[in-house]
Each structure stands twice: as structure tokens, then as C-alpha cells.
Amino acid sequence: MNKLRIGMIGYKFMGKAHSNAYRALPMFFPEALQPEMKALCGRNPEAVRQAAGQLGWQEHVTDWRELVAREDIDLIDINAPSDAHKEIALAAARAGKHIFCEKPLALSLADSCEMLEAAEAAGVLHMVGFNYRFSPAVRLAKRLIDSGRLGRIYHFRAWFLQDWILDPEFPLVWRLQKDVAGSGSLGDLGAHLIDLAHYLVGDIAEVTGMSETFVKERPLAAEMTGLSAKAGAGAPRGPVTVDDATLFLARFADGALGSFEATRFAAGHRSTNAFEINGSLGSVRFDFERMNELEVYFTSDEEDVQGFRRVLATDPAHDYAAAWWPPGHTIGFEHTFIHEMLELSNAVQEGRQPVPNFRDGVKCQAVLEAVERSAAERRWIEIE
Amino acid sequence: MNKLRIGMIGYKFMGKAHSNAYRALPMFFPEALQPEMKALCGRNPEAVRQAAGQLGWQEHVTDWRELVAREDIDLIDINAPSDAHKEIALAAARAGKHIFCEKPLALSLADSCEMLEAAEAAGVLHMVGFNYRFSPAVRLAKRLIDSGRLGRIYHFRAWFLQDWILDPEFPLVWRLQKDVAGSGSLGDLGAHLIDLAHYLVGDIAEVTGMSETFVKERPLAAEMTGLSAKAGAGAPRGPVTVDDATLFLARFADGALGSFEATRFAAGHRSTNAFEINGSLGSVRFDFERMNELEVYFTSDEEDVQGFRRVLATDPAHDYAAAWWPPGHTIGFEHTFIHEMLELSNAVQEGRQPVPNFRDGVKCQAVLEAVERSAAERRWIEIE
Amino acid sequence: MNKLRIGMIGYKFMGKAHSNAYRALPMFFPEALQPEMKALCGRNPEAVRQAAGQLGWQEHVTDWRELVAREDIDLIDINAPSDAHKEIALAAARAGKHIFCEKPLALSLADSCEMLEAAEAAGVLHMVGFNYRFSPAVRLAKRLIDSGRLGRIYHFRAWFLQDWILDPEFPLVWRLQKDVAGSGSLGDLGAHLIDLAHYLVGDIAEVTGMSETFVKERPLAAEMTGLSAKAGAGAPRGPVTVDDATLFLARFADGALGSFEATRFAAGHRSTNAFEINGSLGSVRFDFERMNELEVYFTSDEEDVQGFRRVLATDPAHDYAAAWWPPGHTIGFEHTFIHEMLELSNAVQEGRQPVPNFRDGVKCQAVLEAVERSAAERRWIEIE
Amino acid sequence: MNKLRIGMIGYKFMGKAHSNAYRALPMFFPEALQPEMKALCGRNPEAVRQAAGQLGWQEHVTDWRELVAREDIDLIDINAPSDAHKEIALAAARAGKHIFCEKPLALSLADSCEMLEAAEAAGVLHMVGFNYRFSPAVRLAKRLIDSGRLGRIYHFRAWFLQDWILDPEFPLVWRLQKDVAGSGSLGDLGAHLIDLAHYLVGDIAEVTGMSETFVKERPLAAEMTGLSAKAGAGAPRGPVTVDDATLFLARFADGALGSFEATRFAAGHRSTNAFEINGSLGSVRFDFERMNELEVYFTSDEEDVQGFRRVLATDPAHDYAAAWWPPGHTIGFEHTFIHEMLELSNAVQEGRQPVPNFRDGVKCQAVLEAVERSAAERRWIEIE
């Protein structure tokens, strides 16, 4: 195999991010197994034709079943709306394709498990799109923790704050509909926090949470792009069926305490995906709006110069940085996907499961469902 | 009455802060009814004598009952350890003295209620020491909320993070003993967050929380000053009987969601007392380590220049600022007490209850107990 | 013309940035005239072959004269070392090619003028690589100034601080040799500051400056990549013939005062390219290490909420942002080049001179030379 | 001597800061020789009477000559407008009094020298009010430099930015009149930067500078308090005779390069007194608006965690901090004066010259005059 031949389903926000990542690999990671962008799939023939041209795909198709069945494709990249993930993934697995699936893996834990089992039964490789793991600054946090430089972890607190639906007249896009999106801020934003918690601290043992939908009805949407949308004047209204905000507390298996908050109602926060971790020997802090930075504190610093360091994770000592620009020259959101696809490509080349994979997707889904149950039943729920 | 004659019990950390506040009033708030520092009370005769001299008290006594009984004293200031608050306050009320009591009001909700009832029955004025309300930046937040400039409040998140007992060899000081301190990080730090929540957002309807004591045994302390202490080598150990960290979620009566975290195990945080409030029209952020600043965001700002403003609350437009230095010249921790004592003095002069008073102390205690119960019973608890 | 056919000379740091920009245009700016990456030129046959493959060029050549003479090329992109700029540009102009030239345009003002005259005489389009103009946050600053929202400008202060040669054992790379690089921190870093000053504030009338070479001899370099390099142990040493640091004051034609500092000896600054501008109605601040942000202050803000706003220039209201990711999802260093090449492409399509062009390069060079003369003659020098 | 008996001349902004400092010493630095606030002097009998009462002085007088002559006074504190400093200081020296004089020492270098000579001839102790030296964070910077932890110093850059006269209708207060104030932003703000440069880096060898008065006429002032003032509507106008802004470059005797900027026209800066120092082993940064913090960088930090540390100078390891509050509990502007008066008191007790003293005032004045001459003559001026 000297190319990883890809068929991708979906071409909006995530589809663009993935396409860009596939195209960047040869230039910045020339040693890696290179992707070949074979075919793009979407339901609207004209739209998918145009997208394929713009995003650099060789072909475009409208039937994902056809795509999945093709002999000349090694991997199916699923970034269609969440309610379509499972069916496609199962078919892809049956067809013996490797699978990259955007998060959340599926609308339920049961569906997620079914996807994992199908992929394992088929012996294919599988990956889930928790892209924030691939920020160099987050990798640095991981290395500090794994090497013991932060000591025993006591606290993980994380918040993913956005404000794009703060206006009550913002329309009822698919991300606000439970049957398509599965959940709201919890599944969209909280899922990333949970995955970072798993990645950085470890398993979550139990949770207790609360959810709220502040704006209960919204005008029906005309169209959506990225995270923006427009509704016509006097548009009819429909019910918002997902959570605007979800908060939960957690106890990790190793005894650390966790605090999580996901909301789309935090005025002034375009996309604050932030966490702080406190250990017995030090702390780290991260905010995605300043994604090149990790703040780091060590208790072992000399007593008159103790303080959080603002580390710019662009030095050769930092993951991925050498592939990019000189120290101090920053990268952006899209680079998390490039690094993600590098892991995908490396794993395929090495014949091993990528990380994070469907197991991580399932683990995340288990916590999501526990949080939902906890909010509904108003009690602590243990994670199985 | 042309002076407010004060007798104070306790002369350590809080006693020093109060004394300094009483002494500063004439210079910076000359219009106010001025305190007269009549007598300081402490158990150790030599120590209280020295403290009285240093802190500027006219006399010193060792028996608080004697102090409370004196004719020439108008107000009793209680900043002895928490377990002594109630008895002294009841006696002071009976003696017809006005009362300033440090937080937490008492070791239990029942005791706090008893204190409030006693003060009300005696018809005396009463105040509780939630000093953080008196930061000019916090007052600005209050004004923005009360005037509607932040709109409907959706989120209150707050964290009070310290690290002074992170070292497992830090000794077992009184603040780590339940019978003296009542609780640990919850009562010491969380109480301030709860009061700020009450002050800024309103009543809390229900809570669910969790607590942890990470270091369960510590060497017995030789001596304590401020927040530092020393234990001798090979000192015997005793059990830590309070929480090292407590987290809880809350639902406010008006529907806002709250997240609270109080811990003494956050490496790198000497005293981060911070909150953020998100409303439908804007947000505010505060961090006590930068107490002169309030970050403020408005959704109504022009679309190309929206962002959190770093407001330095030292302009004439800000509470208390005109009494101090020119704009941009900051004040510190101790000034919160000066403003607090100004409110006390003004209330006495105007014959009204100061704010915050024992009612606020009781309300805070009700939440503290609900959190404790919630942590013990692992379920949501409604605040009565 | 339905493609802009490009031949590029040089493939190191800048060559990679340009190649990436050409490749990104179709995906993110599909309406633009698209570049066709015809041929890459470099002296080392094997290295240029490999680079062409990695960077996505159709062909590779070793003789730039041959490249310049080709019929199937519309534009020559010059990012070879600075001492080669002039000869190539003159030849390209004679051959009727449009020209993109990295900054600094040439090693002297006279050479720069010659290049401008040649390009004008040939009637070709010409652009110079002042990429920082193309940060969305810098564009926002420009718009605020041009629309009068900052009022009359009083102050421009700027500093470009790096630390990559702080170690006296860092080798004597070409950037430290006057005959190749023209100058040191002044031409490399200061040139960007000068161009930003021209772009944002206007013409500089006079300057007075000082320069220093702190480390006067260095080991000869074995090899260089980006801004890093290695010297063998016991390598022979040679003299550093450029400035390690240059500072200068300036008076703008409109009366504003300017302060400039360029240094490679600022420990902790990997690449702080920052400026602040103060006007009668407001101020702006920018730091390239947080390039998505512009801090903005308005005197017209209500008196209790005046403060610098941290504006994240990722909203649809900001230049280029709509082509990228949702608000709050940041971009990086390389994006300045993509926007730069968009301007180049748009200008070619519209048959107009791009901005900034050789005129801006000449203006910058005039200031650079005035600073150098000022430092040598220890007096103010007027800009012609 | 068991008290330091003080007579003070002036009771506005600085007079209040000094009085507060004298009053705070017994409580926070009880071991020090304590000041006795004997008499306050001012020209307006009613105003000085009221000020004496408010500020805590035992007596008040209207004739400074009388004050200087009194037997029961050990030290004269001069904080009258700058044009009165010299005459008072000479008289005080002749009368054998120790002298504390606010900066600037006098209106000219010659006058400053005369004051120094008079004090030395009289054998009295003398101090000048460069209060910013006494910020704990600045002391930390000093210690890092003196102990060699920053290595050889390459750069000192400093800026003192204010905006209180940005409004052209702000009246013509005494600080804008050369005959009273000596100079404008240079003497008022730049003097502090120069002293910090002397304190932290060492002697300045030569300077080149520029000055500007942006608003050349202003309404005559009715009254001034602190840095604010009001003019009546239609008030007559007078010429501003001092600089609104002054910038200069400097070369230190040890080879470091300096950049200085002092302005009252920096919108959004209430009082940004900031510097950064870069050395061969590290850097420090300070901004007075966050005066409890020092940012510190070390090149020796491990390569993956290099970054500026935000050190909160409130730990026991920091100068003065143990006298105040627990770590993380900040102090403010006024505390610089308390520490300044502690040095004064300690020096008197120990029979040594305080630091900074008139020598430092003279050194500062020499640089101020060199900058003025440089701006006038448009050339580098050596400091004698």
C-alpha cells in the first residue's frame, strides 16, 4: 500500500477541515503514508460536485452505499450529521473498510458499542474525531502528566463555552434537534471535554449533572453553514429538543475530582475550550482560543520565582512543531485535524489501531449517557 | 453618637485586617462616623497586650465576657475562631451591642439562625464579614447586573483555589479541624463564593455536591500565623477532619445555573477567588488576584470590536475609587475591609442594618449545610 | 487567463510558506484566480527535486535564468536569499513577468529603486512580501484607523523581539552576514515594523537610531533550516557583520511619534512582533504571538466600563475570517501568506498593482537606510 | 531617639500618600523607628487645618520657614510643587533637618546639585521619592539581576503611559506649566523610568530623545485634585509649556540598550508604568497596573516548558510580603510609600543614608536634562 485511498461522506464544516488535512500531509509530513482523496459523497448532486472541486476530491457521488462498496477505497471518512454515523459505519465495516468517524460516534451508547463491535469483528482500523487531543499544547500537558511531572492529579476542571445561539432568534438548526444531533451542548462540546479528561487524567467513575434549555422555541432555519445560520422573517417556530447547557461533576477512578461545563449561552465566548489540571507537583492550563499556549506551574520552582509559565508550544521540543514554522510562529484550529490525520495515516501504515479510536468514542458516549441519565434522575450515576 | 466605640475579639489575620480598616477610615472617608478602637480581647495576656499596642487599640483584656459587658462599647467585632462566634454573639446581643462577626457566622445553620434571632430580638445592628463584596470591581459587576446591562443571567461559575496545604507535611492547623473550623475549603472559601452568588445573582434553589479530603493525616501544628504554619520534625500526626476540596452545582431560583469549586489543593493558586457570570446581554469576569480589574463583555458592541474589556475599577465612576488614588493606581486586599467597615459605620450612623448582615450569613450557612448534606447523601438538596 | 502560472526561486522557510499559500487558495478562496505551481528553482539539483515533490510543484529547475525566460510562466516568486533579489527581479521584469519578491526588496535603497523602476518600465505587476499586513487583526486595526474611529494618531510603538541567536554558540548563519542578508535584526525584523507603520499610520519623516552587535564572533554554521542551525564542535569562528539589535525613534509626517525596536537578544521572545497605536479617540494593540487578537480601546465607551477589549478577529465581520472556520476557531502564521497570495491573485485578475508592492518595498528600504545612517552618524536623518 | 519627628510641607496627592505611610508603619513594621506626625504645613490656613485633621497630624502651620526652624522636628518631608523644593530643602539642611523630598528633586540639574551639596555639607540624611523601587515585584527584579540570574543585561525598555490630559478641554493645571513643574511627562513620568533604569541596570552613558506637545493651548484650571481637574465653561486659555510626550533612546555604561517613553496621550492607559529587561540568562517584565506581579523567564528552564512565569510577589520569599497578608492577597499603590518610609525610618535609625537619596535624584536630573538638551539640539548627549 503506498497511498491511503479515501472516500468521504459529508462536506460542510468538518468535511472542509478533513479535506484540508489530507491535502496538507504531503507538504508537512512527507514521510507519512499519503492520503489519496478518491471520492466525496453528498446527497445534493450539484452541491457535492462543487464541493469536490473546491476541496480537491477526484470524484463525487451521491450514494454512500456505492462509495462504501468500492474496491478502490481503503478508508471511509464519516462526517455526515450524527444520526447517519452508525448505519454508514456498520456498512463500511462489513465492506472491510477502515473507518474515521467524527464525534460523537453515534446517538446512543448502544449504537456506539454496536459500531465498535462491528469494526472489531471486521478487523478494520477505526478512529474517532477528537481533534483537540492533537494540539501541541495539549500533547505537552499529556507528556507532563504521563512523566509524573505534575504528580498525583487532584483536580480536572474544564469548560467549553460558546455563544453562537445566544440570540433567541437564531434559527433551529440541526444541531438543536435531538433526533439528528443526539444532544446539544453536552454531545457537541461536553464530548470534547470528556475525551480530554479520559486522555489526560483517566477513567471517570461516576457523574452527577444538570441540563437546561434556556430558549425553548426557535424559528425554523433556512440554511446553515459552519456554526452560522439565517431564518427568514416571520419564520414558523419549532421546539428546541436538546440542552443549551449541561454541567456535571465527576469522580475519576483514581480519586481526582472533575468539574465540567458545556454551554452555548456564554456571551463573549466564541469557542473557549479550556481546562485546568492540578496535581501534587504542578498544574497546567489550556484555552483553545490561545491554542498555542500551555500554562504550566511547578511546585519545585525556586521559592521566589514560582508562577504559571506561559509556554508557547511551538519549539522543536513540542509535538508536531518541527514540521511547521520557526518557534513563536503559531498554528491554528485546522492543524489539529492535520495532526489527527497524521495519526490515522501512521496507524494504517503501522497496522495498529489509531488513537483515539472507537473504544474512546464508546467510553465518551458512556459518560455522556450517564450525564444525561443523572440529569434526568437527579442523582449520581456510575460509569460502567 | 459621634464615635463608634469598638471592642474586638481576636487579633490574628482578620484582627489585623479589621484594625487597619478602623484606622484608615478617618483619612480616606472623613465624612463617616469614625470608629474608636476601645479594647482588644485575647486569651493570652502577653500576646494581646502586644497586639493592642501594635494594632492601635486603647486597651486590652483577656475575658470577652467583661468586654461585652462594658458600658463604653457600642459594637463587638468577633474574629475569634469560628467555634467561638455563637456564644460571644449571643452575649453581645443580650448586652445590646451591635455586632460585626467574621464569616462563617457559626458552625451550623441552627447556630447561625440562633444568632440572627438573638440579634433581631435585641434590636441591635449586625453585620457579617463577606469582605469580597467590597471590591470596587465586584461592585461594578453588581451594578451592571442590577441595572440590566447584562440581561437575564444564565450562568454563574466560581472557583476559589488555594494551595497552602498542598504539601502533605503542612501541619494540622485549626482550619483543618472540624470542631473548631466547622468545615474546610467549603466553609472557608466556598462560603465567599456562595455569598457572592447571593449578592450578584440571587437565591440558590438547590445544590448537589461532592467533597474530598486528599491528605487524611497531618503532623500536629506547633504554631500558626496567617495561612502559614510549622510543625516540628517527627511531630505526631492527627486526622484531618474537614474537606480539602468541595465542588457543587446549583440551580438558582431564577433559573440560572451555578458551578462552584473550593479547594486548597490547586498548585500555583495562592488565592484565586474568581467568578464569571454570563447573561443574555453580556458577561463579567473577576479574579481576586487581579482585584482591581473586571472583565466586561456586551453583546451590543459593534460587530467588529466585540470582546471582553479589561476595566480597571479605579476611575471616579467606580465605587470607593474617588477616596483613593488617581485612576490606574491600584488598591489591595486590605481595602475590601476598609470599605466593609465604611458600610458598618454608615449603617450605624443611619440606624439601618448593614449589608451583608446576619441574614446573609444565615443564607450562606443554609447553602453550606445543603452542600454538606448533598455530598453525604449523594443527591440534590433543596435550600429552605 | 484562467490560471496564474508561477515559477518560484527558493524553497526554504519562505518557499514552504508560499507553496502552502498557493495550494490553499482553491479550497478557501475558490472565486480567486488560481495559481498553477509550474516550476521550482534551486541551485542544488537533488534538493530542489525533493522540495518540488514535497511542496507540490510540477517541475524543478536549477537555473533561474532559464525559469525567467519560460513562456509558460506569468509570475516569478523570489524568495532566494536577499542578495539575489535584484538580479532576478531585473531579469524577470525584462522578460515581462509579474514579480513577487520577499522582503527586504534588496540590500540597498539604490538597488530597490532600480527594481521598482525596472518593473514599472516593463509594465509588470509587482508585490513585496510584507505578510503581517494580512493578519485579520492587523486589518481590523487598519480599518479602525482609516474610518477615524481612533481619531488623530499620536503614538506608534512597535517591537519585534526574538531570541534565536541569544546563545553565543549559535552559528554564523547567512542571516548574520551583511553581504548576504543586507542587515540583521533591522532588515529582518525592523523592516516588518516599518512596513506596518507605513500601512497603519503613514509616512515617516525622520529617524534617529542606534545599533549593536552584542556577540561579535560566532562559529561557522554547518547547515540551517528555518531559524535553527547547528555548528560542529570546535568549528572555526567568523565575525558577525550585522546588527543584533537596532532601536530607533521616528517622527511621522503627520506629527505622530514612533518608537521601534528590533532585536534577536530578547530572552523568552520567540517571535514577538507587536505594536500599539494611541489616537485621540482610542488605541489598538497587537502581538503576533497572539495573532488572532486585537486589543481595542475607545474613549467613547461609557465611563464605568472603559477598558481594552480583547477582540478575537475570527468573526464574519473581520477580513478573511468567513473563508476559514467558525468564530473563535483561530488561524496561524501561514495564513498571512495565504491572504497575501490572495491579494496577489486578485490584483493580477483585476489588472492592478497589488498592495504592498515595490513602492512599499522602496519606502521601507528608505527608512532602513536612514536608520543605518543615523546610527552611524549619530544624528537625525530625514527620509527623502 | 525613639521617634522620628516629622514636619511635612504639602498635603495633596503625595501628602496623603506620605501621611498614610507614616500611619501604617507601627502596625505593619512595628520593629522600625516610628514616625511622629508633628506638623503639617500649607499656605491656605483653613485647608491645611482640615488636612491635618484628616491626615492625622498633630499640628498645622502656614509658614514652612517656621516649620523648618522648629527644635522638635527631625525630618522635613517636602511634597510641595516642584518649584518650591529647592528653597525648602536648602533651608532644612541649614537647620540640620533630615530631608525627604518628592521627585523631581528640583527644576534643574544645577538646583538638584545645590540641594545635594547642601545636604552633604550639613551632614543630614536625605531621600528622594522614587516610590516604585519599593514594589515587591520590582525588588524581585532587582534581586534577580544583582544575583546574576538574568546574566548580562542587553535591553531595558520602559514606558510610562497615562491618558488623563488626552481631552483637549482638560484644563491647564500646574503640572502643565514649566515654571512650576519643570517639565511635563518627561519629569513626571520619565523620571520614574530613569530611576528604575538606574536602580535595575545601572548608569546611563548617553541619550537621544524627542518631545512633543500635542495640545498647545488649554483652558485655565479652576481647581485640581490628584490628577483630575475642572475648568469652567468658556474659561480663558493659556499655553501648555511642557511636553505631552517624550521618548528617548539610551546606551548604558555597561553596553545595554535602553528605550524610554513617557506620555500622557496614550488612550486607555490610566497609569501603565512598565518595563522589560532582557539578559543573557533571562528576562523580567513589570507593569504597575498589575504591580503585584513580575513576569520572569529563564533560559535554563527545561526545553519543553520555557515561558514567562507570572510570579505573584506576595510570598514570604518576597520583600515586605511577610508584613502584609497571606500569599495571593495583594497590596496596592500606597504600599510603595509605606515601604519607602520604612527605608527612611531604618536609615535614620541606623545612621546611614537612605536609598534612593539626593545622589539618585541628581543622577536622574542629569539624564532628564540631557534628554531635554538632546531633543532641543537633535543629537546624542553624553551624561556627565
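Here the chain labels run A, B, C and D in written order, and each chain numbers its own residues starting at 1.
Definition applied: contacts are C-beta pairs under 8 Å (C-beta built on N, C-alpha and C of every residue); 3 or more make two chains touch, one makes a residue touch a chain.
Because the structure is a prediction, the values reported are computed rather than measured.
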Farthest CA centroid from chain B: chain C
Equivalent of A-C within the choices B-D, B-C or C-D, defined by over half of its residue contact pairs recurring = B-D
Per the C-alpha means, the centres of chain A and chain D lie apart by a whole-Å value of 54
Provide the C-alpha centroid distance between chain A and chain B, rounded to the nearest whole angstrom.
-> 41
Whole-Å gap between the CA centroids of chain B and chain D | 35
Junction residues of chain A - those touching two or more other chains | 269, 306-308, 312, 315-316
Write out the stretch or stretches of chain D touching chain A in their complex.
-> 140, 143-144, 295-296, 298, 301, 303-312, 315-318
Show which residues of chain B lie in contact with chain A when the two form their complex.
-> 154-155, 157, 159, 161, 166, 208-210, 212, 214, 245, 247-249, 251, 255, 257, 259, 261, 263, 265-269, 276, 278-283, 297, 299, 306-308, 378-380
Over in the complex, which chain A residues touch chain C? Could you list them?
-> 13, 16-17, 19-20, 23-24, 26-27, 30, 53-56, 162, 164, 226-228, 269-272, 288-292, 312, 314-316, 324-335
